[in-house]
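Next up: some structures, all given as structure tokens.
Common to both upcoming complexes is subunit A, partnered first by subunit B, then by subunit C.
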Partner chain A sequence: MGAHPRIYWKILPFVVAGFFIVPIVVVLSSISGPYSDNWQHLVDYVLLDYTFTSLCLVMGVAFLALLIGISTAWVVTNYSFIGKSTFEWALILPLAIPPYILAYTFTGLFDSYGDANNLIRQIFDLGETFTFFPNVRNLPGAIIVFGFTLYPYVYLVTRNSFLNQSRSLREAGRLLGLSQFQVFYKIALPLARPAFIGGLMLVIMETLSDFGAVDHFAVQTFTTGIFRTWYGLYDLDTAMQLSSLLLFVIAVFYFIELRMRKDVKHTTNNSTFTMLAEVDTKGLKALVPFVVCFSPIFIGFVLPITQLIVWAIEANMELLNARFLKTSLNTIILGVSSGLICACLALVLNFSVRLNTGDLLGKIKSLLSIGYALPGLILAVGIMKLFVYLDSQFYSVFEIALTGSLVGLLLAYIIKAYALANSAIESGYTRISTSIDNSAQLLGSSGWRLLRKIHFPLMKASFLTAVLLVISEVVKELPATLVLRPFNFETLAVTTYMYAAEERMYQAAGTSIAIVLIGLIPLIFLTKMIRSSRPD
Partner chain B sequence: MLRIVSSTLLLSFCINSFLFAQEVNVYTSRHYDSDYDLYEEFTKNTNIKVNILAGKGGALLERLKAEGKNSPADIFFTVDAGNLWMVQKEGLFQTIESPTVLRVVPSNLRGPNDEWTAIAKRARVIFYNPSSVSKSEIANISYESLSHERWRGRVLIRSSSNMYNQSLVASLIAKNGEQATEAWAEGFVRNFARKPQGNDRAQIIAVANGEADVAVANSYYIGVMLSGSAGEEQRLAAKKVRMIFPNQQGKGTHVNISGAGILKHAPNPYNANLFLEFLLSDKVQEYMVNKSFEYPIVDVAVSKEMAGFGVDFKEDATSVKVFGDLNPDAIRLMDRVGWK
Partner chain C sequence: MMSDPVLKIEGLYHAYKNHEILKNISLDLRAGQRIAVLGESGSGKSTLLRCIAGFETIKRGRISLNGQIVSDNAVTAPTEDRNLGMVLQERALFPHLTVKKNIMFGIDKLPHKQSILADLASLFKITTILDKFPGEISGGEQQRVAFARSLAPEPGLLMLDEPFSALNQELKEELYTELIRIFDERSVAVLLVTHDVAEAAKLTSSQAKLDCGVLTNN
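Up next is the complex of A and B:
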């Protein structure tokens, strides 16, 4: 195949890769020094603390996300109980809530003067100073917040793996006298390991790059340390060196995830796919799977949404003013533009890899997905440094400054969300047979014409999915937006952050709800896929 | 489709830039809703559009430094003198020449060479719960005395990542020296009722709820809470606490400013001057005092919420310039004593 692969289809991926990599290189170049005196101070007093806190956070979140993700996946694939078909897709709803918004609602609920404590005091007629719920603004609180918003990453892949596991293996286990739990523990779980470890790596990367939630809880992690070094000690170089350190850690998790994704392909066996016999549950026993599935949805979705709606009502809907609408419009414009750009890029890149089946091109293409793992803050620092340099070189020629323009923000979003667009387009392409390409080429359609006239119409659904996935990521993004946005350009996430930092939760409710609603759109598509992923 | 999006984007920019021939670009770390009404008022009066980039002071400063002479910013408007001083040190301000500004603002509230001017003042005061703190305990209180053993487990203050705390500690270093301040901070941290968390308002509410006895926080928060604009719960909480100006027997209460200056590479310096004069006009000062509950720079009455706590208090005269200069020292000191 690929009779006349024109040269620019070959070069394009390298050009795009260049754009993606330069900001990272800018940050990493700080390692070459110079190292300021602040390093001695950091090493002596805080670095150990940042590292230890980040480590505890990651371990706690990993444990919680695995516990929730695997138990819910096991229960929905092996038991029949009330509401099961709803739980199956509803379990991913917490993905629509960014960790920082869950953090805001948690403090609103569980602070000593929070609504939950007020309620308990009212019901049991207790003294004003009585607090029932423990303080959440600490490490355990942060672990709960990340665990309950990120577990769907584990749930999604583990459920898939359980569904696709060979039935005969489990039946053999049962025949050899294993109990249901032993089948889970000795057969199903080890087989699903590559899947859930892959999902877990996503959870860890998201946790490590978060800024909003840990900032609100005053938990000192690496990311907050980077902010503090930059803005408090006025030391951007040291902040970039700290960032590089964090990047190395994230890179390790990224490659583990990549490795596991390869292994998943070896361990799933679709040819023996048959419906597993589900265990019927009755009476009190039926409550167990129900509670296992209901509690994460309640804590990660129902509770925060309810709190946000209550706040919005108490704020008397003052939220729907011109400024709110403009902020929403800004956010949507940003989301849609980056969504379209990402989807087009992904389409063109996948197309060029399809035409030129070279190992190097394929590698470049998968390298571009690393942007997903980059903390927004680090990305923003890299882009800003890069633009400042470009401006100082070329401003006199073009008279247009890149710094403080929308270009920087869009670039950050594209790098961060490209992986999502790529995965949608990639899976779309697997459904188009290469024989179509060959026939088209025989009939004289190749290159651009093949892409436009044949591939694109066949891929419309995947293209739309790609755009939507990117939008949901862009709407949530906080740290890069804080650093890079231009004049008069507030987004929903930034406004939410500003209000929440001032503890004006009532005013933060409107923008938070808007973020969640937009984040729900791509989830609706995902839930459709989940519902259709089981044979009847 | 890409073409449609890009042309819409371009068009919206064009509309924005042609609609108002005149503009002034403001980098600000103030994000009070009331400020936006002020900017609209300014546009109504002068037909000059106010472009706002809101963010944390430190972030804006870094952005200014990065943009250098290409920066579109005319005005840097921030809630902490430390950041003003940092901009001044980088040589990014120009001298304010407006006779009006120089006439209404006393010289100690302007930069050494009129690089910037204060727009409003706030005091870092102590809030206490009268049901658990006796009159004799709180009378003549100073920041320094909060490290005394008598306050063990009774004190609240927010995180050391916060600018207001960094300025307070910087002023203490300037006044008492680094060693003495570090010794003080060790005792102070030992007296914390809980790990620092939440903002100033959260500390006041916690004192109202009896979680601790005293809190160090900025003065205007109590005004916002008492006004009821933040909800009935916060108004009731605010009524349970008392506010006191510390160090009245010594050098005075730590005062910080909201201030602004015109940037050296400002594309619209004339408009920037008009904007500063506008902010310092009696009408606007009165408006700010009643909306953000700060203390005014010109001679107008403070809000009724704040007047209840007294208006004549001794202010620490430590030059605000040291806040910026000693800010990194303050952070390192707080790191050393484990002030999270």
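Up next is the complex of A and C:
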């Protein structure tokens, strides 16, 4: 496009990329050593456990998320049944529940003296030692929690892929002698493979990044290992070395996801696209798709929300105390600040790339979105190490300490949530024709004036969406907040974690409900998208 | 002595990657003169205008405006410094600004902007829609606003990129007559690119043909 963008518009993306990459480089630099005795201890006694448990967790979650995500996507795109139009969007509701909150409610429900077991004992007049529901504080429990909160990543992309598959392809299959089920697994499923594998990679990255749920279930994974190495052994370098290992694993899944995202374009509809015809279900047969769709919503959303509301009522609204108000205020300040910074950065960087088309700038812009794949804990470790170094060098000059300040926390949030803001702004920019830019330039406006007078007013809605999406992510974030927060500074997520760690579930209900309510914000936008993607 | 041409193009080449779009284009355009460049879609007409506007960095040759070199091997002057007007087929009105603000966008620092606005509004017969947004007016009105907005900064050269192709014949005829009068009154140089031979004949005094990137006199 423009042949004369000012030089700072070209440099800006590189400067921002520098800030984003430094913490990762710091973590990776730990590989070169030195390795302490603690590292040797980890290798000798626990690393194999971490690896094996993480692998089992990932495999279990992957299986469950695929099973739920694909089956629900298939059912809502191919069958007509009661509540179908509601299920289409309601199936993403579990995304509003962070895995650690589902974990807390599951233990509250299914522990030996949890509400569910108590209810069964009351109904059937059984002895106090009788437990109907098995213990959930273990690996299978964690698999269920992650499976039921993260399956929407698979559902969303697979549903979209099924919707984009032409009817004629499936009809060709039927004419060649395939049964309905064979059409599903020989034609529809392979065509949707890039989509659901891309979604699955997100599920795996989220699972490997989680700290709150695995910690609550006492499942030994890489993240709990990193946390304990730091907080238990006070060994930041070994924690970074362990982080590097996890980072390599996550990088593999990240690149598979990127690759699959490209492949999705090759398998979507072509010019001879014909809409799919839905199969009508009646009587008892209609129950099957209903149950398939209702079960994950019930387990992943209705059940935990109900439990939280019950706890809140039983706590007699005492949860609306000074601590709740203070943590809410802290969270809002951090969320809004991060949201505004991310949205401004995304706006300015997208504007810069729009002015300076070119492969390199485009790649830099994509690189900035890498943060969504990074575990918060690894980011925290990198930022902490960086700040410790900067403080040791410059504290005597500026007399300001970065360690333990809100700067680190904000940086972690911005890196982690930038991708969300970027997607909103990027999509807003696709709706502004470049001829608008050309007209403004011909009328003497370029650079800041073009951004301020033309782009920003036209992008207000996208900007607001970007801010809200970031806020919802920041509110849920736990591990980085836990590590980087200033002394005695609490957010909703941290307070929830601390109450849950002390088994004070009634008190945790208020903060949990607040987190879930804010987490519903991005789902409103997703719901709109789902509705508009529905074939009429 | 004859003054410098408003637009002078000498030996212009332009290419996307290795594909040459414009080949050895030379053209002179003087104040008050109106020239049309005719060509099929894909012939390079719009690219020629984009090169003149500075949206593209040219491969070889030279473009001068009012005697100043604005594009050559060493220089590419910013679009906003070229004092050009351009009207596009898609009009590109700013949707969040009223008609009045659209027209004043390029002149909001001038002290006599209100009188310029009043003149243009009466010239293009749009006085009644000044407070409306582009989405609230018809296609023909939008095109009048686009012309008024382009002429507001009093450009030396006005470039028209198929500006009438989205209008019906009746509206076109009405605009042709008015525009010729306005262009003559203001003595503005006009470079029109179009595929419509009749339109070119009505609006301009001479025509050239662009075929596969090569410009020939018609």
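The working rule: the second predicted complex is superposed on the first by the 525 of 536 C-alpha atoms of A that agree within 3 Å, B and C clash if a C-alpha of one lies under 4 Å from a C-alpha of the other, contacts with A are read in each partner's own complex, and residues count from 1 in each chain.
The rule is simple: contacts are C-beta pairs under 8 Å (C-beta built on N, C-alpha and C of every residue); 3 or more make two chains touch, one makes a residue touch a chain.
Computed from a prediction, not measured in an experiment: that's the story for all the values here.
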Fit or clash between subunit C and subunit B when superposed on subunit A: fit
Subunit B, subunit C and vertex subunit A (Cα centres) - angle in steps of 10°: 140
First, second, both or neither for A:S446, with subunit B first and subunit C second: second
Which superposed partner A:R504 touches (first subunit B, second subunit C, both, neither): first
Which superposed partner A:P457 touches (first subunit B, second subunit C, both, neither): second
Subunit B versus subunit C as contact partner of A:G283, first or second or both or neither: neither
Which superposed partner A:N438 touches (first subunit B, second subunit C, both, neither): second
Comparison of subunit B and subunit C by subunit A residues contacted: B
Subunit B versus subunit C as contact partner of A:I341, first or second or both or neither: first
Subunit B versus subunit C as contact partner of A:P134, first or second or both or neither: neither
Minimum Cα separation, subunit C to subunit B, after superposition on A (Å): 19
Shared subunit A contacts, counted only where both subunit B and subunit C touch the same residue: none
Interface residues, subunit A side, partner subunit C - complex: 1-4, 433, 435-436, 438-446, 453-454, 457-458
Touching residues on subunit A, where the partner in the complex is subunit B: 38, 41, 44-46, 107, 111-113, 128-129, 135, 137-138, 217-218, 220, 224, 227-228, 230-236, 314, 323, 333, 336-337, 340-341, 344, 384-385, 388, 391-392, 395, 401, 403-404, 406, 482-483, 485-490, 498, 501-504, 506-507
Subunit C residues within the subunit A interface of the complex: 53-57, 76-80, 84-86, 88, 90, 92-96, 105-106, 149-150, 153
Subunit A-facing residues of subunit B, complex: 1-2, 5-6, 8-9, 16, 25, 31, 33, 36, 51-59, 61-63, 66-68, 70-72, 86, 159, 161, 166, 194-199, 201-202, 205-206, 208-211, 230-231, 233, 237, 327-328, 331-332, 335-336, 340
